[in-house]
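Presented below is the structure to which this report refers.
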């Protein structure tokens, strides 16, 4: 998909995202979006596209590190709960509690019994959040291995992206089918009426982003909240310049080359 | 400044930012960057430019809401301290403890006595952090009122930016000179040998960003840490496709129009 | 009940409490005790009796203040979840999430709808904790109004206890029957097989404490974990005295009078 | 010291503690008490004596576990700062940041350089707190090795106290003189005009407690805040009994034996 075309469509969606954020703030709505998918599927880029236009004091991105030794012994959901949205907040989870059904299962970090109990508990946990009024949207970003391999290759070669590759990625490559199986088991257990999954094709990431954001907006009621009026009088003096006594600006970055 | 030119220069800097992050992680360095400046000066865009290329699990952006009633009674620095960087972390403060010397002073949210005590305490507080080994970089993003007015006008007109305007902004416009005076008092008290301020001209925001990032990189030692080797064998099977049984991807966003 | 008799019986129980704490630590068990009951029923004294003999680094008492404005908009259980026990911990809740079904309902701080939704959610919430392996013990400390009035009178008169009385207590006195009705509705909704309530008669507080602690111990498996051996050699020198150069102890509190 | 005598004197002090807490609450004063001293010196008992009579929602006891791996890399004071008192709060630190100058130094958990830097930083850190208006009281509880050995022996023999003994205690016994030297170095560096140490003889623990509490009260201004009036009308009906429909109280603990 061409960048121009993408940007044109995205801008349309951005207007709706901004309106949605205004609505959430005015009404105290709480929006919780989970982004799951294989490495390279496009979670990070989607988060950037959504966050781009929304006040960072209203939107939070949650990307938890691996659990500490103490957290490992707590109720599984305990470390996620403090990040759930308060009134007016939009929270984007870059991976979420579903780690247990994906990477933890496939890589053997969680036992079969732990995974089984997790899959049993999730629908109940999510029911509580939804019953409480939190709007929970769960997305699976899908990409075929061919696309994934291309993106891995790009990460390998591009020094700006090389840090995105980890030894776990190496291990994951040979387990593509196991991840698929884990995902299907996860859907079977957690695709519920109150908290359904939405699968979005991310083989073309730009197209995927548009699809996901469109879907997200469509899930939320189209309630228009007018922008507050703001009285904006003319300045009664010519614009002032910065004047520095103690410190001066440093020389600018040299552009000529 | 032209976008093309900006992007070419930025990419150079991005390579160095990525190398810097690798160095911080490998050595356990802690980097703490404060971004201060008037509304519209360009703090948010600078943060995005820096964060763009760094692992979000290594870089944190701190933009605190106004203090709660309990926080207001605590040691002034108490609510900032939990966000200071741990080993390997880069923390960007989008406004910081300097609020007290700027908006709180000019708008009257803090008393003269509180401001005075704050200005007295800051150099001591920062000395402790620096003595502990935290690398503290303090930036003031400078812009003249003409540029600020243009950006305000853009925010007024562009629905995508309208949310950035608040009643405080209206009030701030008529207090440009007071902010300047407050800033000079702040520099006089807190531009220290161990934690100096750096002023960057942001009348051209793209140029400002390049200047600031170049300066930030120059403040850190140029220690090269080689990228970890990663063994990346060929797949021993043709790339697999995603196969969905229970759920299919939703229809893609319609592009034709 | 006589103090002597009480202390004799309590000491027996203390041995078992200490053994229970050792067992919890060794096995990683998590114990969560909720103490509910009217004002003056004896929650605080019971907590002191239990906590008396257990390492404060292993036992936590949770007595949350009223929720902040932000917390009020979150998932109701959100502010309680961070206090749930990790491996080896014993957590005593001095009042708990059941506030919503008691004081909040009777005093009108929560709407009927909020109370109804709470009562519906609790069994599910607690099922999740119990399924996760947390041992949840819920106690209702019962006392008649005659006993309550005596204790209120004591608080009114005794300057050491006067702070325990609040305007809410005054209001509660005239709502004894409403509290009873609220409690029955709470029992009806939340006395479940997986998380049953235990009612303990606290008209005699000392006797109540013995009854509650006995019951708590009986709910937990009687697993004996032997005390670690500790090699404790003789000192190879006469015991040393503290020697102060810079500072001397202050004069002792004068005992003669 | 006889228990009767102790209790008589303690009760006097309790009245003053209650008045002090009322004063702190009314004025928003913040009180921070550090309790340091060798194992068995009597920190825990002192905390209980002070906390006994004060609203647990106003008084917090802070006994931090050993730092996590992440905390170890942060600014040394970072994990203590969140526990500092807000308006009206009394915080008792059962051991404190001074660990670094005591057990960490003697047992080798901190390097000489870390200890040196800590001792250099403390007076500055404490100056900031005191300048901010926090009332900081630092106590060293002193006991000779003979008393310590007796208490260790009691802990060894009494199953109710056995858990208080740890392998570190064994190691500490043979380092009594090293601890003394470390304490003197700590006093030399941190006994300042703005945050002086107070040494209290705890060879008799009951006497020590009276001395410490008396001193604490004397450090605070003797400002009397009258107790709020409370209108306490007669009940207009005979006192009601608890009536249980769904659940009855369990049988009481059997007293006869």
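Labels for the chains are A, B, C and D, by order of writing; each one numbers its residues from 1.
Heads up, the rule we're going with is that a contact is a pair of C-beta atoms (placed from the backbone, for glycine too) under 8 Å apart; a residue touches a chain by one contact, two chains touch by 3 or more.
Not measured: the values here are computed from a predicted model.
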Report summary line: For the C-alpha superposition of subunit A onto subunit C, the rotation angle in degrees, rounded to the nearest 5, equals 180
Query raised in the report: So which chain is farthest from subunit A, going by the mean of the CA atoms in each chain?
Result: D
Query raised in the report: Can we say the copies subunit A and subunit B touch using the same residue numbers, with more than half in common, or are the two sides different?
Result: same
Query - Distance from subunit C to subunit A - Cα centre to Cα centre, in angstrom - result: 40
Query raised in the report: Between subunit A and subunit D, what is the gap in Å from one C-alpha centre to the other?
Result: 45
Query raised in the report: subunit A to subunit B: how many Å between their CA centres?
Result: 21
Report summary line: Two or more other chains are touched by the subunit C residues 70
**Report entry** Touch list for subunit A against partner subunit C, complex
**Finding:** 28, 30, 70-71, 73-78, 81-82, 84-88, 117, 120-121, 124-125, 127-129, 131-132, 134
Query raised in the report: Within the complex, which stretch of subunit D touches subunit C?
Result: 1, 5, 9, 11, 14-15, 18, 21-22, 44, 53-57, 61, 63, 65, 94, 140, 142-146, 148-149, 152, 156, 159-160, 162-165, 167, 170, 173-174, 176-177, 180, 184, 187-188, 191, 197-201, 207-208, 210-211, 214-215, 227, 230-232, 235, 239-253, 255
